[in-house]
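Data first, discussion second: the structure below is written as structure tokens.
Each chain gets a letter, A, B, C and D, in the order it is written, and its residues are counted from 1.
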Amino acid sequence: MNIALIGLGNMGLGIGHNLLGAGFTLTVFNRTQGKAQPLLDKGARWAASPREAAAGAQLVLTMVADDNALLAVCEGADGLLEGFEQGAIHASMSTVSNALVERLAPLHQQHGAVLLGTPVFGRPDAAAAGKLFIVAAGPAGALERARPALEAVSQKLFVVGEQPQQAALVKLIGNFLLTCVIEGLGEATALAAKGGIEPKALLEVLTGSIFNAPVYHTYGKLIVEQQFEPAGFTVPLAAKDNRLVLQAAEALHVPLPFASIVRDRFIRAQAQGKGEQDLSSISALAREDAGVKR
Amino acid sequence: MNIALIGLGNMGLGIGHNLLGAGFTLTVFNRTQGKAQPLLDKGARWAASPREAAAGAQLVLTMVADDNALLAVCEGADGLLEGFEQGAIHASMSTVSNALVERLAPLHQQHGAVLLGTPVFGRPDAAAAGKLFIVAAGPAGALERARPALEAVSQKLFVVGEQPQQAALVKLIGNFLLTCVIEGLGEATALAAKGGIEPKALLEVLTGSIFNAPVYHTYGKLIVEQQFEPAGFTVPLAAKDNRLVLQAAEALHVPLPFASIVRDRFIRAQAQGKGEQDLSSISALAREDAGVKR
Amino acid sequence: MNIALIGLGNMGLGIGHNLLGAGFTLTVFNRTQGKAQPLLDKGARWAASPREAAAGAQLVLTMVADDNALLAVCEGADGLLEGFEQGAIHASMSTVSNALVERLAPLHQQHGAVLLGTPVFGRPDAAAAGKLFIVAAGPAGALERARPALEAVSQKLFVVGEQPQQAALVKLIGNFLLTCVIEGLGEATALAAKGGIEPKALLEVLTGSIFNAPVYHTYGKLIVEQQFEPAGFTVPLAAKDNRLVLQAAEALHVPLPFASIVRDRFIRAQAQGKGEQDLSSISALAREDAGVKR
Amino acid sequence: MNIALIGLGNMGLGIGHNLLGAGFTLTVFNRTQGKAQPLLDKGARWAASPREAAAGAQLVLTMVADDNALLAVCEGADGLLEGFEQGAIHASMSTVSNALVERLAPLHQQHGAVLLGTPVFGRPDAAAAGKLFIVAAGPAGALERARPALEAVSQKLFVVGEQPQQAALVKLIGNFLLTCVIEGLGEATALAAKGGIEPKALLEVLTGSIFNAPVYHTYGKLIVEQQFEPAGFTVPLAAKDNRLVLQAAEALHVPLPFASIVRDRFIRAQAQGKGEQDLSSISALAREDAGVKR
């Protein structure tokens, strides 16, 4: 199977390595060519544009920064839409708005291609290890054809519906719940600290009992140690995802009171000039409100 | 070691069985004697009052409904305080306010006893199986003396501080975070449903990836299946714990915006006459707000 | 008509002067006698206790700090309840919980007296000028008998029901709405400032158009000028009233999301050590969140 | 002075009548010509496009529905920008985003015109009576030249800054505070009703004392009488303004917790199919939450 991969940031690179490792023929494109070298060294072919990358590929994977980047990759004279082979599948792995995916799906159809929503949970280290979680949605046939490649880069693939935008929405919901965990832990550790309890001791209780999930381990550690730099995922990027979930919810007429509270945290963190910090740094605001020293 | 156990509800009974099974000599008291029969049948001794139960016991465990019940068990002519042996240890396993524990600790000292805070995480089935999680705080020596008995009824014991009220506060914080999970899942499933995604499919993604913790499995299932009766823990009881954590936070000057949102959910559920439902039923309010049908 | 007046703080003193000015025979009591001197100089009689003050009075007015103070004035061997003449009327002008008023009403009846709820809107200068607004509730007959005295100290008297606790609740609701105005103006001025608009110019638009009410003039000025000391009404006192309205609402199963947000502001202000500032100082927190300089 | 008026809805019509009444020469344009008839009958001239309307006008007033409508009026071959006389002034009276005004200002300059922000407070009856409140911002010279016309249609004109977008922002802030009053009154009347107090009696206390402002009279009446149709201003329109103020605040990094709560009310009202109701109908949600009957 010939695969094209567009977007070679930390996530895309890991994905590319795993695809090559699994024996797929890989063509790659990235806005800055330099990033591609490690993959070219292992046998990937360089394409001068998304359009060129799509030529001859049965499957195109994209892993780009946001809605604008995905649009730029798809549209225009050099875009994917102009390059797709008949029957090609585009698996969009980026975290983007469900509205954009919903808008792109019929455009793909008009160009003889099929769009899948296949966003992922996992940080760059998981991408490198082929241990991503993939949330997938789209036409069943296309999904099955893409499955071997998707499984080569993930530890688990969840199918949540037949419309690609459903996967986009599930991804936004997952990110929303992640921010709820962070805010909850922020408030919890602030209260613990004021009550004379070591936040670390609180976290051990939580992760040692009914809150024993990766999200509490990973973010709980950052919060307890107040280690917000270097950022795994910065406040402005997390604020963007928060905006996307609130917009999706507004369009579907769903109030999300927890998301609004988190929104105010992100805004406040940015007003304080903490744009370079990890999203877990909003937990410090609950401590600030409570007058916790240190 | 002679142990007295006060409070034989669903939780207390399970604890009693495990203490007897571990070979401890057990004296029991309960407001209504009938509940005690299964333990008496297995060799426990009946006491006519908390005071009488305390006589001769090196360790007294209490597992009662709330602050008022704990106060009633401690104070008065028939109360524990009048019955403690010199050097006796009282391990309070109930979920009560940290303020009450802080107030009771010096009273215990005045009566020659030591108060430990040893509240638990776990439902009645965990108590029956000896699989509770115990959060413990208090003077280290007393805690070590009580440890064998506490370990006999739990799968894990966490020590969080030397003041018994610290364990009470950690327990309230844990319950608070649990309600945050419920509210978060309520909002998440409402959005999923409006977006055409089966809540069950969403939950599988969450619990199959980074939210793989008992609290998401247990409550996620209740929420997705909207199975709110029979209640494991009713809305008014959960509302009481919410009130306790908000009071603790207010006294320590800690804003808890998430807890306030949950508070409004509990109040609204009660205004709708849902007092008999499980606390997870507040998740239905997010769906109601979003106009989700069914 | 013989009137007794209990509580000679800034509010009580103004009320006393106006009663004397209107020709009523006045007996006064205060915890510290010194405060009474200005009224004694103008002809008031001193009583050694609430009970003694009530003797011979057809109408007793109380204006004390809070629930505890009102309870202390009513109960005990020296309390009002022991001193009431048959048919005496007690008009409670303090801001207290509706729950306390509801509890005190039947106790008054048992002692042959009638309790009216008659809390007031207005600061000490309004009390001095006889320009208070009185919210009154209670049995109609008693209310009419008390009316001449109440009108002597107010510019307007509103009757809201036949149960004295209803007036207490209306007062709490009024104070709640006042804090909503303050929070709203806090957020509004923060946004204006970040948008390059003078908060003073914004306030002129508001109070010059559809927000032309005393509450916007009075508090808007404090907020725009950030003049929070000396306090007209301190943060902890306002926090107490916020607690009372939230408790009343919880007991009646009424969610008050705005009150919860204000609650967090008061808690945060106290965590920052701003307990001595005026309640309007919570407006500064919105500016702090937004990173407004100065 | 030759004036052009674009947009002849209920607001624009009232403005047009007052301009004619004050003796100004008036050219009008509206998307549907029929609406213009009453003004043409009184001597206004019809223009076939915004561009044509602008020809020969020293002052152009626009009063259109939203950002898109204002953009459509300004841009394109038939737009205002192509029609402006050298030195023409455009006073934008619509409620639109400050971001759009900020974007349009330099475009005006490039076409030799000056943009003023001159949004209004007041409903159609106030427009008809020439009793609007105008919030104005822009270059001082242009503002003074426009003043006679603006004063002919208003009872008061407030100048808030020299950048036209500042007036747009003040208008959004005013609308935000209006929704805070509505939500506050919704919560307040819900609590009153559950406490056995007639909401009408509560409102009389408020508007008769420190909340004696038009906004409490007007909206208080609608809320107490639960008269939400016909709508003066519908929920979706109010939701749009709420979105604009939240976007403005987000761009300036200003958290607005009250606006987020109101946002959820508007979303919920729309989820319940109440899109045709007046914005004051969100007050009914607080009553619904509290289980108020009727």
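Simple rule for what comes next: a residue touches a chain if its C-beta (ideal position, glycine included) is under 8 Å from a C-beta of that chain, and two chains touch if they have at least 3 such contacts.
Treat the numbers as computed from the prediction; the structure is a model and nothing was measured.
Enquirer: Looking only at C-beta pairs that count as contacts, which pair of chains has more of them, B-C or C-D?
Expert: C-D
Enquirer: Between chain B and chain C, what is the separation of their C-alpha centroids in Å?
Expert: 40
Enquirer: Using mean C-alpha positions as chain centres, tell me how far chain C is from chain D in Å, no decimals.
Expert: The answer is 37 Å.
Enquirer: Taking each residue of chain D in turn, which ones touch at least two of the other chains?
Expert: 249, 253-257, 261, 264, 267-268, 271, 289-291
Enquirer: Graph of touching chains, which shape: line, ring, star, complete, other?
Expert: Looks like everything touches everything, fully connected.
Enquirer: List the residues on chain A that touch chain D in their complex, please.
Expert: Touch residues, chain A against chain D: 243, 249-250, 253-257, 260-261, 263-265, 267-268, 270-271.
Enquirer: State the interface residues of chain A toward chain C in the complex, per the touch definition above.
Expert: Residues in contact with chain C: 264, 267-268, 271-273, 289-291.
Enquirer: Which residues of chain A touch chain B in the complex?
Expert: So the residues of chain A in touch with chain B come to 98, 121, 133, 135, 156, 158-161, 163, 165-166, 169-170, 173-174, 176-178, 180-181, 183-185, 187-188, 190-192, 194-198, 201-202, 204-206, 208-216, 218, 245, 248-249, 252-259, 261, 286, 289-291.
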